[in-house]
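Okay, got some structures for you below.
Each of the next two complexes has subunit A plus one other chain: subunit B in the first, subunit C in the second.
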Partner chain A sequence: MSSPRLGATPSRTARTIILSLVGLLFAVPILAMIEFTFRDGLSGSYTLTHWTNLANPAVNAKYAPLATALANSGVLVVVTVLLVLVVLLPTMILVELRFPRLRRVLEFICIVPITVPAIVLVVGLVPVYSVVVKVAGSSIWSLGFAYGITVLPYAYRAIQANLGTVDVVTLSEAARSLGAGWATVLLRVILPNLRRGILAAAFISIAVVLGEFTIASLLNRVNLQTALVLISKSDPYVAVIFSLLALAFAFVLLLLIGRLSTVGSRRRKA
Partner chain B sequence: MTAPARRRRPNLAVLGLTPFALYVLLFLAVPTVLAVTTGFFDKKGGFTLDNVSALFTPQVLSTFLSSFWVSGVTAVVGAVVGALVCYALLGTRPEGALRQSINSASSVLAQFGGVMLAFAFIATIGVQGIITVTLKNLGVDLYADGVWLYQVPGLLLPYLYFQVPLMVITFLPALEGLKPQWAEANATLGGSRLTFWVRVAGPILAPSFFGSLLLLFANAFSSYATAAALISQGSQIVPLQIRSALISETVLGRSNLAGALALGMIVVMVVVMFGYSLLQSKTARWQR
Partner chain C sequence: MDATSRGATVELTEVVKNYGTGAPALDTLSLHARPGEFVALLGPSGCGKTTALRTVAGLEAVTSGSISIDGRDVTDQPTNKRDLGMVFQSYSLFPHLDAQANVEFGLRMRRVPAGERRERALGALEMVGLGGFGSRFAHQLSGGQQQRVALARALVTRPRVLLLDEPLSALDAKVRVQLREEIRRIQTELGITTLFVTHDQEEALAVADRVAVMRAGRIEQIGTPEALYTQPQTPFVAEFIGLSNRLPGTVRGGFVEVYGVELPLLDPTVAPGPVTVALRPEDVEIVSEGALAGVVVSTSFLGSLRRSTVRLPDDTLLAVQHAVGLRTAPGERVALRFTGACVSVKHEENP
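For the complex of A and B:
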């Protein structure tokens, strides 16, 4: 830092002060959650029982609703990721290969859910789901259709970031001219090239679905988040413990996405 | 024979687009249209302007004002603090561990809104929260004027917790786009650091800064889960008023009010996001 500073670069002191102050402020709520899970009621002393209770069959019977909710969220994750892989991904590839003029239209459609917030969408989903329930029954998986829309902007961006760097048209023409059928082109040429984007899309979808509360709560469905609210009223410690675990899980997922994209960009530069 | 075969192929390919088109139609287009049009109908399906005119009653207007206030304050504070963090990050190496980890942490925390965020703040500044209790032992009562965490002002701190990280991930690319050559050119021409910020970097970054600010506003305006988990009853901000309207269906004695509120929200969101995309296209010029 001995060279004279030009233009944009901040001084070392300014940088240290800003980053440590903001970092500290943002660490407090997370630390407060951790501290909370070790509290022994209002007594002021600390205990491990809230954590050990998780493995204690005598107590954790009352966590059964939470287990159901976790299973529900698991089903929703699977349905949503399947929708991304089976409905969105093939459409994006098809548009890239055969309808490049529709690219803008597809982008516009996929970005719409940002402008239509979940709380607005749910007003229209109430009548839609009263029909869905008649057709498909009231089991949890059908909620995945709504979540597929919620994750659309994230999944689209993740896949598009990858698709933009791969020349799928040339690749598929090359494969076709070497005698490959369309199935081979898709499975052995295009998809392997999109692996990073597909993985990132799946991870971000998982993170979004696990954190979703608005739609489930207002359609009276049970998922992880609605169950957390419910259980926090009887046992706030368990609710906070599960929040921390879910947060840690989401953190790992999103770190993996970051890893995927930096590995990719480094490779591209090389 | 080749001509008809060629003509047939695109038709088959169009078929490939139908699953997505059908899905988006049923679960995005239909709900959105239903959401914004139900406000124009009464319970029996007849056309009415009652619900939409209810948007202009003092009760609903004050809810919109609260929403604007919360979104505005958290957008401005979030944008300024986030921009400061971005500025500080400019002093770190782009591929370095510090910038990478702050980047990933920001993308996690920008997604962190919702129930878990509410818990975090209850554990921090709730009545028994660690900060509240610590301050009390020091003789400072956070809640001397009543418990504000479960009211509209209580939303500010939790909202900032996802607004600042969102600002970092949306504004950092613009700051990284400032070319060292511009600073060098400014220095060779005899400009000071102040000149650089006021005459070069400022004008280039302004559209991106205000664009990100609009995005933050939209983000706070549309978020529901955090508020719902903190404020279990009432209709203090618009999303919560939609909740009460959906649950009771008889707010102000009007049915389908939720539809009118949804329409009001969409109008605000479309205006804000349109401004965002306008500013964004101005930004894109400098990010090559």
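For the complex of A and C:
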């Protein structure tokens, strides 16, 4: 661009410095975690034992709670993503097509959870869950309802960003004028064009659910994060290793989201 | 595609569309389009022309009245059962499908076998001049090309009615003229009944068999382009169709007197009194000598003709259309003459 630089736009060097500082802020704890997993107790030397122990049946029996926790988190991921796909997505499409006036209201409702700290959310959720447990039992999946709320802002944004670039009203009218019923319009026209937004919403929901600690802990549920805290009390190395793995997984998901959007934009430019 | 006539009649009977906010969008609108006819719905924005088209498409439910296609009442039929082809103002190609798959969409809905589907889609693309563009996606096509594909997509199912909702308004001027002529050619070839919504009077006059000028949810006048142009029945139509000068005049004895010249009235029954006269620029001539004189304010070259604005002694500005060879210069004094064509008048409203 040849347009003169606005006062608010930082220069190239300023950008680099800021980015490096932020990058460092994130890199230091992660590198420290990695370094920590290779430490050999208090001796000060390095060892691979903590990593190899993961495959050692004699030692890893005590990680059993972690396996349960992983399974629980898996269930929660599935329930949460299903909630996003079955409740949020159809609502958003319906609002876009038939009730455009409700768009602001929906946006407000979906963004609210991000303004409420998890700890405050839990205060409200405790009495709710005393009822939920009576109705749905105390199995882990019902925690997905709470997570459905916490992921709302992220999922909403991801889908809305995609909806904003697709004129679903005109596309569905065109499809209907060509003889398509509503089901066909949804499956053959709207969903294929929202694919990126839907995938991004699902991935970001997974990342949020895998990182959730506060609600699960205060509602006395076991998920990956609560189990990690518990294990860290007996074996800090394993806890850190699993935190790293979870982090790496979330990182891969975020990279995938990024890739999805760049693939889309490259195609548009071609 | 076969070239046999397969147009259907389209009939709107006293259609009312009320959104519940203020005046109705359609106010007991009746319209009859004959098989194979190209009818343009013309009017300023907010006059209800698009709403009228959308009720025919079934995209908008009517409050009262009925719509029939080919003699069958379709008022309560959903859009996808009405067997229509429609082209929209905004680009409406499915972005995840290439041009050919877009064109095949309607055929797929009608469960046409793959082989025939492909063949007809390629034929339709050929028809709109885009043979060989089948594998392009919407983002790889220009605006004009996208609307061509949309036209092919609308026509490939051989619908009974073609609905065009300002399909040209997003295109630039040159492509617009090109494509409108092509639409007219294809429409004539296929003999498909077509409703064409536009706010561009030149476009409407150029392509339509009949033009319906709409205002406030009603049809003000419907007729051939010539009839609308030469015999506007209301001052609104006179002003909307073509460029008109508005001059003060007085009606008396079946004539209207404008600047001392008596001109015949389109509607001789107008009550006597002061009126505003709508006079077309081509009904004024620049002559070497005449009673009415003025000073040229500006002049513009329009290709096949020239249009000058002349300031009359009473400061009224008058547009005059004349031959290109006659070059006027700003500041030049010219004499004017009215050709004596019939004019429409409007009584001055008393404030």
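Here, the second predicted complex is superposed on the first by the 239 of 270 C-alpha atoms of A that agree within 3 Å, B and C clash if a C-alpha of one lies under 4 Å from a C-alpha of the other, contacts with A are read in each partner's own complex, and residues count from 1 in each chain.
Here is the rule we go by: a residue touches a chain if its C-beta (ideal position, glycine included) is under 8 Å from a C-beta of that chain, and two chains touch if they have at least 3 such contacts.
Note that the structure is predicted; figures quoted are calculated from it, not measured.
By the document's definition of touching, neither partner reaches A:L82: not subunit B, not subunit C.
Within the superposed three-chain model, A:F145 lies in touch with subunit B and out of touch with subunit C [touch as defined at top].
Subunit A has more of its residues touched by B than by the other of subunit B and subunit C. By the touch criterion defined above, A:L247 reaches subunit B but does not reach subunit C. Touch criterion met: A:L178 reaches subunit C, while subunit B stays clear of it. Residues 10, 13, 16-17, 19-20, 23-24, 26-28, 30-36, 38, 81, 84-85, 87-92, 98, 100, 102-105, 107-109, 111-117, 119-124, 128-131, 161, 164, 175, 178, 180, 182-184, 186-187, 193, 196, 200-201, 218, 221-225, 228-229, 239, 242-243, 246, 258-259, 261-262, 265-266, 269-270, 273 of subunit B touch subunit A in their complex. The touching residues of subunit A, counted against subunit C in their complex, run 166-167, 170-171, 173-181, 184, 188-189, 192-193, 195, 267-268, 270. Those residues of subunit C that touch subunit A in the shared complex are 57-59, 78-86, 88, 90-92, 94-96, 105-106, 109-110, 137, 139-140, 150, 153-154, 157, 163.
Those residues of subunit A whose C-beta lies close enough to touch subunit B in the complex are 5-12, 14-15, 18-19, 22, 26, 28-33, 35-36, 42, 83, 86-88, 90-91, 94-95, 98-99, 102, 109, 112-128, 145-146, 148-149, 152, 207-208, 211, 213-214, 217-218, 225, 228-229, 232, 236, 239-240, 243, 246-247, 250-251, 254-255, 257-258, 262.
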